[in-house]
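Both complexes below contain subunit A, partnered by subunit B and then by subunit C.
Moving on to the complex of A and B:
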């Protein structure tokens, strides 16, 4: 009797959980599922492009793949994995709280996210799936036979999930810090996610409105985006990018935050220039993020003074981002570096993010963008700077938290092998994509029979995509192997000074700190590794 | 012993998962069944099932909230509400931005096909909504003072005022639709129905929140944080109405 009863109790304790750690882990499972399906789409897209002409599919299905890959990677994987999984798991532990401010609302945002994933996955079973890009530009998204409302509801449900989740964690950070965890001593990851959540509160509603108007136009006959009736197509593009550009900072800030935590722990060093990174880097990015969106529309009609202004504000973003990079490298400087797997991901991140960031500068220039717009060069740029960097941050974060989450250690050798396979794969694919893009390959094309000279470069990218797939598979094997057969983990295997390692069990029980109030010494510092502060 | 170990149990609540399944059925699936795949039976089933699930979980959630088992984060809803209002405000900002972008490039306004829109109804609606903001504040003050009967009375008045406001919006809509002015008519009808509709949906949510306070209050169960938070939300709905009424009705 007892086994099935305890299994049932265990299951209900998981699916009805309001505990932030379990909510975080369920977020991780959902976002990895989205990553797996969207990654499969990416491989299929690469196979289709590996040779001239139709290779394995028709243009209609190819569009559905592109739609799913973009929408699920951004809305289903990156944002939930970084702001859902990492922030939910880490923030209450780092600030010494028993849980988040509203545990049931936290579970609500988790299950809303899962419903969003379900609506997105229905793409593959319903008739007339959405066949536009994740941007869903009208007029095509309104004229297309695809089910635009599924796109709208995916965005609305996931958006509502981010908003309530964001409010929850902001309230947690402001009001639930343990005595002694002051703003000045707050972990840098907490600062980064706080800024990301503020961005979500301001910008997600605008995207929600934009996609709602799309559905109103298509199914209720309004005329927001219909120029013949006084509407404006550019209205959608402006509303969409008003959210979707800051969305990259919603992804960027937590990924910087977790990379900082990893680098500080494995270099056993204080955070270099922490105040400058927080106030100049994180808050600077937050302030600037809402003033740059028009660079996505440089090729649309607009007066030159807007182009000039938006070019300057876009270039200005490189200042706070540069401060973050200097902080990372400064933290490595004279540190006692251990190259454990999370640290390898952090170093990989620094390289990939630099390549992506530097290739972003040409896009900020209005004149150069006219040539580069909608080529594979842009695709390669944002894959380096957000997609692959963000994935490295998430994977690095999972390895970093693995002993804490599961109470087991993963196999270090296997994890390192998987890292190098993945790292080689992404560089083969996306560096070649830069070259193809510079040679003029347009993005989103199903076929490129007008430029047959690019076929061998496309083939290289497809081989790279298979290497990425192999790497992802190896990572999954590492995690499953570690979770089931790993050695028991000590409470603080990395020797970190941060609360989530020093004051909790592995894995932490209900209430995180054993139900006792935290008593932190006066000189407690999450980065106090005995190095003099600068 | 039981006290201590009880405190360290894993906390659970079934309502978040159930309400999400309800939302899945009620919004995306019902909408798609009706507008995209045109299956009336499936639409009705998912609306009914989703509605029931949402209702059950709201009841359960409110009940748990009033019992306040863990008491964690008690009182935090009130300071968290301004963040929610910030997000809500940006929904309206986006719609007003859409309105202004359409409006400012229109050759003449209102565009052809717009019937005469009476300015009397919006004035009455403004008076009603502003008074309801005052009455909910009075209710809140009575509750703080421990005057339960006075609190219930003013809460009832607020709910009635909110419901009358919602009813007037619907009445005006049906009147205008009767005159042939519907969502598809022109650019003005587009913004008119979406902005007033968005605001009316907020009024509906606000009244629903008050009903969630009212029913347990008749059983003498109240939570002062919940009352203050709902009242703050209602003031926001009131303030937004000034933007709606000045931009959509009176700037013609």
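Moving on to the complex of A and C:
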């Protein structure tokens, strides 16, 4: 057994793997590759904006960077890292299953995802790369010389991968739970994954149809979005956001889930009001998520009644999200918090998400957003609430699972240093971005020579971007150093009560639990802390 | 337990009762007060500050509690474990419904105020002047009621509300006046509108807020607010030149 669990000796073992843990790790590698390239784009974008006028490039190339940064970060990094890597790696371990329900289908969804990454990366090789932003609104995406089909196929392949993976994991959660792992005792991350995949299954097809119609319009001469021929430009925006708003909850729910796991483990504490977090928070968000998309069209000439209606439904999202946040901080209450690196990421997450969540409120308010929509203010908001919070959740999750995945420990001091560098960097960049946006800087601008008063604020953001880049580099060094030179990890370095730590080796072998059927005691609970008060 | 439920429901009732007069009084906040003509910018600034207080107070309270917990409940010795309180059913419901009620009350409070301001934004005053806008890659083309046309320079008389009827020749653009806190997309196949109130003589930036291609950030214009007679002279002169 020890040979087959050894780390990456045999490449074909990895390529033909159907083991959910290896699938998960391969998801992680692919999504981190997307993160690295898209992150490099972000730094380049910031350098371009650091001074008025053309700084390092021309608008055409700049627009390709913006396109790639958005599309790759969301479709290539956030969703696959949270629902691909974390869900694949953790869910079978947490529910006491040997593997997912359909291991070969799991490999299919993994390699579809890698194909999507490759198609996305071809952006930089093909002539006329896409330049129409990740939203690809027609008529521009149809008129543009950019290669729309690369966008469409990236979305379709990634979407199909996600649907296949979703069916697989939902089936796994429903049918593969070990005896004793009841719905009531299910890890909170598993609940979050379940809700996220339900959203994917409902909404991904809508995005698929939207981008398919886009391709038909562009290459086969249909007129779905061409008003001159009876089409409607707003149809695409509605279809697009009908998926892409729930997509932020596809990111939000697993990131909340993993942060909960980290907080419970490092505070050695039961989750505060777990039932309410699951049924009010997660399921509440799932139910509300499809009724809010028009807030992306608040300045697009939509009828007044639906703007006001969706303003209320959007504001009401604060209820389930608020319950999740109360549960999170409540879990600290009377805990015994140990500040290891994953916990630092969780604490960082709470503050970033708080800023991001609260600055979402003016966007929901249909009158205030008339000034804020499509400015840097909204860019700062969604970076806080999804982009940076999601990244903190993924990085925290990687540190948390690092001993389990690699069987080695990372260097704690270096990891903490990297965390603080990253945390300072994101706040410098994105808090300044709020101010720039409030002063009227529209997003997706190559130049702002008519707003020269904003230049020094843009410079500050660019310095922040370099700090973020440095932080990301340090994190990469920590991981590589840990994976190659780290000390051997014990099976349960964090003292967790959850199955993936208590009942498996580090790293777990094939079949996860050593082939023995799990025999869980009656009072087993993945968060059963504090039963023997000392 | 019954007493706790009663306390909880009393608290909920109180919150809703408190929210009602606030919702009812939100008519005052819509920017009508000072000028006679509604001014969305005033309403916007007012509501913005109120919202900012709202989220700042909430955020600071939440952050302080978190920081306190982070410090107070740090681990004192190895093997220490947390002693989470075990909630009764009533406690669980209280911790669900009370925050939900507070958030909902705040949501509805903000929604009510926004609704009033939104009406100001969308109801065009009667004595306003209508200017047609056709946006194109990458320019703003204005047509005045008397047929005079202008590109990228929008001259308007001071003190007269201006309503823009907007469409687009090619792709989606968004007519954005940062100083007037308003924007609306202009698009092919649909007519949209916005209005603003030029109160003082001066110049303001017009800029495009919806990505429209290579020169998106160069799609700019200037709003020039002129004294009324100067504006009329200009308009007559332009009319003669047609």
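The rule we apply is simple: the second predicted complex is superposed on the first by the 521 of 534 C-alpha atoms of A that agree within 3 Å, B and C clash if a C-alpha of one lies under 4 Å from a C-alpha of the other, contacts with A are read in each partner's own complex, and residues count from 1 in each chain.
The rule is simple: a residue touches a chain if its C-beta (ideal position, glycine included) is under 8 Å from a C-beta of that chain, and two chains touch if they have at least 3 such contacts.
In this text, all values refer to a predicted model and were calculated from it rather than measured experimentally.
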Which of subunit B and subunit C A:453 touches, first, second, both or neither: neither
First, second, both or neither for A:221, with subunit B first and subunit C second: first
Which superposed partner A:111 touches (first subunit B, second subunit C, both, neither): first
Which of subunit B and subunit C A:232 touches, first, second, both or neither: both
Which superposed partner A:276 touches (first subunit B, second subunit C, both, neither): second
Contacts of A:337 with subunit B and subunit C, given as first, second, both or neither: second
Subunit A positions touched by subunit B in one structure and by subunit C in the second: 231-232
Residue numbers on subunit C that touch subunit A, as the complex places them: 40, 43-44, 47-48, 51, 54-55, 58-59, 62-63, 65-66, 69-70, 73-76, 79-87, 92, 95-96, 99-100, 103-104, 106-108, 110-111, 114-115, 117-118, 120-122, 170-172, 174, 176, 178-179, 181-185, 187-190, 192, 194, 205, 207-218, 220
Interface residues, subunit B side, partner subunit A - complex: 4, 7-17, 19-21, 23-24, 27-28, 31-32, 35-37, 61, 64, 70, 72-73, 76-77, 79-80, 83-84, 86-91, 93-95, 97-98, 101-102, 105-106, 111, 182-184, 186-187, 189-190, 193-194
Contacting residues of subunit A [partner subunit B, same complex]: 12-13, 15-19, 22, 98-105, 107-108, 110-112, 114-115, 118-119, 126-128, 147, 149-150, 153-154, 156-157, 163-164, 166-168, 170-172, 174-176, 201-206, 208-210, 213, 215-216, 219-224, 229-232, 235, 238-239, 242, 509-511, 514-515
Residues on subunit A engaged by subunit C in the complex (per definition of touch): 59-60, 63, 131-133, 135, 137, 139-140, 143-144, 227-228, 231-234, 267-273, 275-276, 280, 299-301, 304, 307-308, 311-312, 315-316, 318-319, 322-323, 325-326, 329-339, 347, 350-351, 354-355, 358-359, 361-362, 365-368, 370-371, 373-375, 439-440, 442-448, 450-451, 529-530, 532-534
